[in-house]
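There's a structure below that I have some questions on.
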Amino acid sequence: MTDPLLEARKVTKRYGHVHALQGADFTAYPGEVVALIGDNGAGKSTLVKTLSGTIRPDEGEVLVDGKPVQLGSPLDARKYGIETVYQDLALAQDLDAAANLHLGRELYRGGLLGRLGVLDRAAMRRSAVAAFRELGVDLRDVGVPVAALSGGQKQSVAVARAVVFANRIIFMDEPTAALGVVQRGRVLDTIKRVRDRGIAVVLISHNMPEVLSVADRVEVLRLGSRVARLTAADTTVEELVGAMTGALDAAGKEGAA
Amino acid sequence: ACGGGSSGSGSKSLEMITGVKSDPFYITMACAAQQEAKKRGVKLTVNGSAQWDVAVQRPIIDSVAAKHPSGLLISPVDTAALTPSLNQMQNAGTKIVLVDTTVSDASIGVSRISSDNVAGGRAAAKALAKLMGDKGSAIVISVKPGVSTTDERTKGFDEEMKANHPNITLLPVLYDNDLPATAASQIQSTLAAHPDLGGVFAGNTNTAQGISTGLQAAGKQGKVKVAAFDAEPDEVTSLKTGTLDVLVAQDPARIGTEGVDQALAAIDKKKVTASIGTDMVAITKANLDSASVGKYLYKDAC
Amino acid sequence: MSADTPVKDDPAAATGGPRGRSIPPWLRRLADVNEVWTFGVLVLLVVFFTAARPSTFLTSYDVTQIATNAAIYLVLAVGMTYVIIVAGIDLSVGSVLVLSAVLSAEYTIHHGGAKAGWGTIAVSTVIALVTGLVWGAMQGWLVAKAKVPPLIVTLGGFGAALGIAEIITGGQDPTGAVSNHLQHAIGFGKLFGQIPWLVVIAFATTLVFGLVLAFTRFGRYTYAIGSNPEAARRVGINVDRHLVKVYALVGLLSGLGSVMWLAYFGTTSIAGHATDNLTVITAVVLGGASLFGGRGSVLGTLIGVFIPAVLSTGLIIMGVQQYWQDVAIGVVLVAAVYLDQFRRRGRERA
Amino acid sequence: MTDPLLEARKVTKRYGHVHALQGADFTAYPGEVVALIGDNGAGKSTLVKTLSGTIRPDEGEVLVDGKPVQLGSPLDARKYGIETVYQDLALAQDLDAAANLHLGRELYRGGLLGRLGVLDRAAMRRSAVAAFRELGVDLRDVGVPVAALSGGQKQSVAVARAVVFANRIIFMDEPTAALGVVQRGRVLDTIKRVRDRGIAVVLISHNMPEVLSVADRVEVLRLGSRVARLTAADTTVEELVGAMTGALDAAGKEGAA
Amino acid sequence: MSADTPVKDDPAAATGGPRGRSIPPWLRRLADVNEVWTFGVLVLLVVFFTAARPSTFLTSYDVTQIATNAAIYLVLAVGMTYVIIVAGIDLSVGSVLVLSAVLSAEYTIHHGGAKAGWGTIAVSTVIALVTGLVWGAMQGWLVAKAKVPPLIVTLGGFGAALGIAEIITGGQDPTGAVSNHLQHAIGFGKLFGQIPWLVVIAFATTLVFGLVLAFTRFGRYTYAIGSNPEAARRVGINVDRHLVKVYALVGLLSGLGSVMWLAYFGTTSIAGHATDNLTVITAVVLGGASLFGGRGSVLGTLIGVFIPAVLSTGLIIMGVQQYWQDVAIGVVLVAAVYLDQFRRRGRERA
């Protein structure tokens, strides 16, 4: 296998006396879909936020292309080609879907106007409509603030944003949780397509059949640290659940919590 | 700039609390007091409320009281509300001189030095009526209701107009909350409604600034006569250039100087004058350069 | 690649037990309490001024003076705490205080004036309280039912209440507005000859409404509505009625403030309350409340009232020149909250 | 079958020129789990909000026990025994889990204090801890504001709130979307248990296997109106998807959108 | 029970096409525009006053007068719109205006005073603008980086800026603060002898920053940050830097306001700006902005500035007694926003 594209080593994050991450490790290789799974509160989202520069870990190291990097802000992360779909979506509720899709990456008018920072709203709207169509989403009115969209529509906006600009690594924190059957299928197809472009896709999901159908590899987080690394093809849902809940190693090992 | 002298000499210390710290009248008064104190070799610290507000002035009095000064010069912003605090200070041995405004309790203070705001209002009315040729409408624009000094000025103005100038129509008072911009728009609205407007009495400096600007913008400068209280440098300039027509000058400098003298006299157990009234003059372009008027012009800064 | 053995497993963390670090856990818990840092700033100020002027600052004389002068603001600020937690704002407090004072003064004037007895005092007090309550409830109704933003409602209310007070009095503070009995007993009287009654009233009010906010359903709903009004509505809380109550409460406390004002100052001071709102809101925000609602406490507000009070007293006692006082107060306010911000950074919410 | 417990007839709701509901019908019988399914943006959440008194429909009629009722506010709905898990959870972010669980139904101290409205925090915390344990959620620190909880933990709080107080009808708008495998199983068990108490459970979900495993009956919403009513035992996932997307009736009928 | 046939299917709704109701669709779209309702209130006021006093209200004379008097507030309010959309607040505008005015006046005084030429005017203008810009940026830095709530930062800034201005001048408005050239050309001069320069400057500023807010990246980021600062940060927007820019902008516009003030009033008016902040914030909120951020527009603010201006002018022209004016303004403000609320109820966000 190739060298890891992204690696996290012994990442720790405390909130008061809650230890969200306690020495968590994580690896992602280019051109693979790696699923990050774990029970509720295992620390998956915290790990994703750490690796997207959204929060700073208390301890630990992050390596991109084998070199240690500082991810002080999401802007830093983006410099290394990291895109993220956050579990809480991170949408600006007062802006419409097209504006959210291009937030931070606006399209400008040509000529002088563009250089003055004047936005090309029509172009952004067109590209948004195209992106949503690809994900099978019917927005009815693209001009309304995202606050007014349905749960699935909101999630589609967040997914579209990351997918459109995917570059080297894309984190997807439960991207399909609110999606309908068709949209979910489209997103999973998209994930595969993106992977085939050589991008590393990190998928977080509680849907085990979905994980097994799309992931190449699975890493399991429990109580803030990695407890297992599995090849998707060799595993079953039962094995995954066992690793997540600690049932497996409780059987194999004495004294585990 | 005015303000706290650095090192006091001897055991005598004076404190001064003005009504509104940003008011030019009080600033001039404080400057004069400071100069006099310096001359006499004592330390004088000046404080003032941010607004004309007992709730703001009272903590200042209490804080000053904690320093146990030998003498206090104060312009109380209310005739009753501050009596207890002042009483307490007086009982602790501080000699109190009431400057500019007073309290109703006669036992407070060794000396009272005040300017008569009602008389000032009258003087303004007289001068304005003369300039207006005793006809047309006149209006008072004041700061806000409930401020005793400006209320007295308005009262004096009204009395004089009603008593001696029946041909002048007096419009209802407007209040600008001490905002020149509001005064400017108020005077223009009044002009629109009352084209015969001939004279305006401005309750204080800020109001005067607004009124003269408003008139200038409306092209009515000179046609509508403006009387204003105080004679700070800025206003004197306006008088010279003709945007203001009458200034009613009190004598804040004398109040400040006398205040220090009386306080020190009381501290040294010398003879104290219980009550001193200061003059007021109406300054117009005509008498501006005469020697007797010069001393009334306020100081720029000390 | 196949299943690894668990890399690490720490039961202590799972059970949320405190972990051994150099700082003892009770101290870390304490530092987590919102008010501790702000209180630290207050203590710091007091220590500084005492050290700078040991002979004058913080003699027993001064403490009760500061408390007395802060008493009325404290009462208003307690009400404002509720309004701000509920994500509202009330600019009208000063004017409502004036209106209540004027109406109660009018009664006193026509029923004995300065020499009025306790009967008149009781009635005029009730008038003041009811005026505040009704005015506040009316504003609350406009906020809750008519859905007009509280800034506009209470700014309108600010102007209207003052206007009405001015119409009634002709703009001048009436004489004989307060009974001498009231002034002597409450305004200048002291409990056990020690603690001024104004301070007693203010602290009693603070205590009662502090407990209500922290421990009762009324307080819980206040936080819930400020945190997410729609969620509160969906769980069946009568949000509109609660909002009316909260605005009525701050009105009621403005009425109480007016009684304390009359007792202490003996006059209605129509012109003297233009900036009460800012003073009071500042105290509440200094105390850790968020203008976006959902956060704040009466204890914090108490501290927030005293920081500016101590500051301005101390600066005057130190003989700082008056214009420099403005600068110093501005700087200290910002610095105080800046310190508090370290605490919050410690437990950031992502 | 018995009479419907709740019925909605020709309910319409417009937002600007988006017609979220256009004459939607819905029926729920006591003691059954009825799944309400539909594509993203079909109007499911809007319908739920209408039937919970959260929003007022523009037109249409709601009947409880066969009698027309006005659901002007959530309080009205609660009077008829309606509880709801909202898709957006509707939690007060600054309050902790126990406070959210009991919001609007606080427990009071005994005696005078209680009559003064003094809360019994200890009791509420105890009952919250019990409720969460039943749902298999590990909250680590029950005292933190729910804003700090993980996605799944938040959802558990919302679910627990409705389940604990379930009375006659309970709407669950995608209650398992963010839950882990174990927690999801617990919730589905809970749904069945609640149903067995004679309560009508309305489950909204995009997870078709889940729907088929737990629901007795399925109603399908498309473009704001009911397009199908199916018995769960007689249907397949394909049939459900067909009904939701309109593929079925496009085949059977000309001109459907 | 088995599969029903579709109960209903309406393709028109799916494509979002307008549906035939009695109100034509363009009108319904128009009524959806935030500013239309507020503008309606303004028109209503103008119509009312014109009908009541046809011979005096709204002659051409009056319109430019109202506009001139509103010009400076308008400039400040444009900046405040940005700050409020970004979920901040700026209480310091009035003091920053004073400080800028004082610093530029000091330069003028020492370089020709009232008789100073255009060179001095240019330099003093730059001084005013830079003062405002730097002060604003400093406040922005405290908000963005030190994470001190904007209310506290700008309240502290309000006191500090005024204090510094008073220290410099000794509290008195200095003489010779403004060149006569500036006063005559800009303060009282008119473009084409018709439109006062102050109005031209104010409207040009409004237009430029209105367009920036509506059509450029800067504006888009302003809305995004006000709507959800964390989301903005996560998509890679440099939120802190943007906040600094926004507060610097309102500072810059306060500086511009000070130049306009000096040109119009010819003096620094140190004591005359205590309530500018409230005036300006009210205008912005009247214009439909939310104090919680994310919503607002410069067009709305423009209308929001003119509603109180027209109202107070009209009431004076109608000869309403002053105290009743306060009451009337309060009532109309609330009523104006109450009307607007109908629009919002129409498209409620659940």
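The chains carry the letters A, B, C, D and E, assigned in the order they are written, with residues numbered from 1 in each.
We take it that a residue touches a chain if its C-beta (ideal position, glycine included) is under 8 Å from a C-beta of that chain, and two chains touch if they have at least 3 such contacts.
Worth saying up front: this structure is predicted, and the values here are computed from it rather than measured.
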Steps needed, at minimum, to go from chain A to chain D via contacts:
1
Chain whose Cα centroid lies at the greatest distance from that of chain A:
B
Of all chains, the one whose CA centroid lies most distant from that of chain E is D
Distance-wise, how many Å sit between the C-alpha centres of chain A and chain E, to the nearest whole number?
41
Distance between the CA centroids of chain C and chain E (whole Å) is 30
How many angstrom lie between the CA centroids of chain A and chain B, rounded to a whole number?
70
Taking each chain's centre as the mean position of its Cα atoms, how many Å separate chain B from chain E?
34
Which residue numbers or ranges of chain E touch two or more of the other chains?
14, 16, 166-167, 171, 230, 274-275, 322-323, 350
Per-residue overlap in chain B, given as positions that touch at least 2 other chains
1, 21, 51, 145, 177
Chain D, residues touching no fewer than two other chains
15-18, 54, 138, 140-141, 148
So in the complex, which bits of chain C are touching chain B?
56-57, 59, 61-62, 65-66, 69, 72, 166, 170-173, 187-188, 261, 264-267, 269-276, 309, 312-313, 316-317, 319-324, 326
Name, in rising order, each residue of chain E that touches chain C in their complex.
87, 89, 91, 142, 146-149, 151-153, 155-160, 162-164, 166-167, 171, 230, 274-275, 278, 281-282, 285-286, 290-292, 322-327, 329-331, 333-334, 337-338, 341, 344-345, 350
Hey, which residues of chain D end up touching chain A in the complex?
15-18, 38-41, 45, 87-88, 137-141, 144, 148-153, 156, 174, 177-184, 206-208, 241, 244-245
Considering only the defined contacts, which chain A positions touch chain E in the complex?
52, 54, 73-75, 78, 84, 86, 89-95, 99, 103-106, 108, 116-119, 121, 138, 140-141, 145, 147-148, 161
For chain E, which residues are in contact with chain A within the complex?
14, 16, 212, 215-218, 220, 223-224, 226-228, 230-238, 294-295, 349
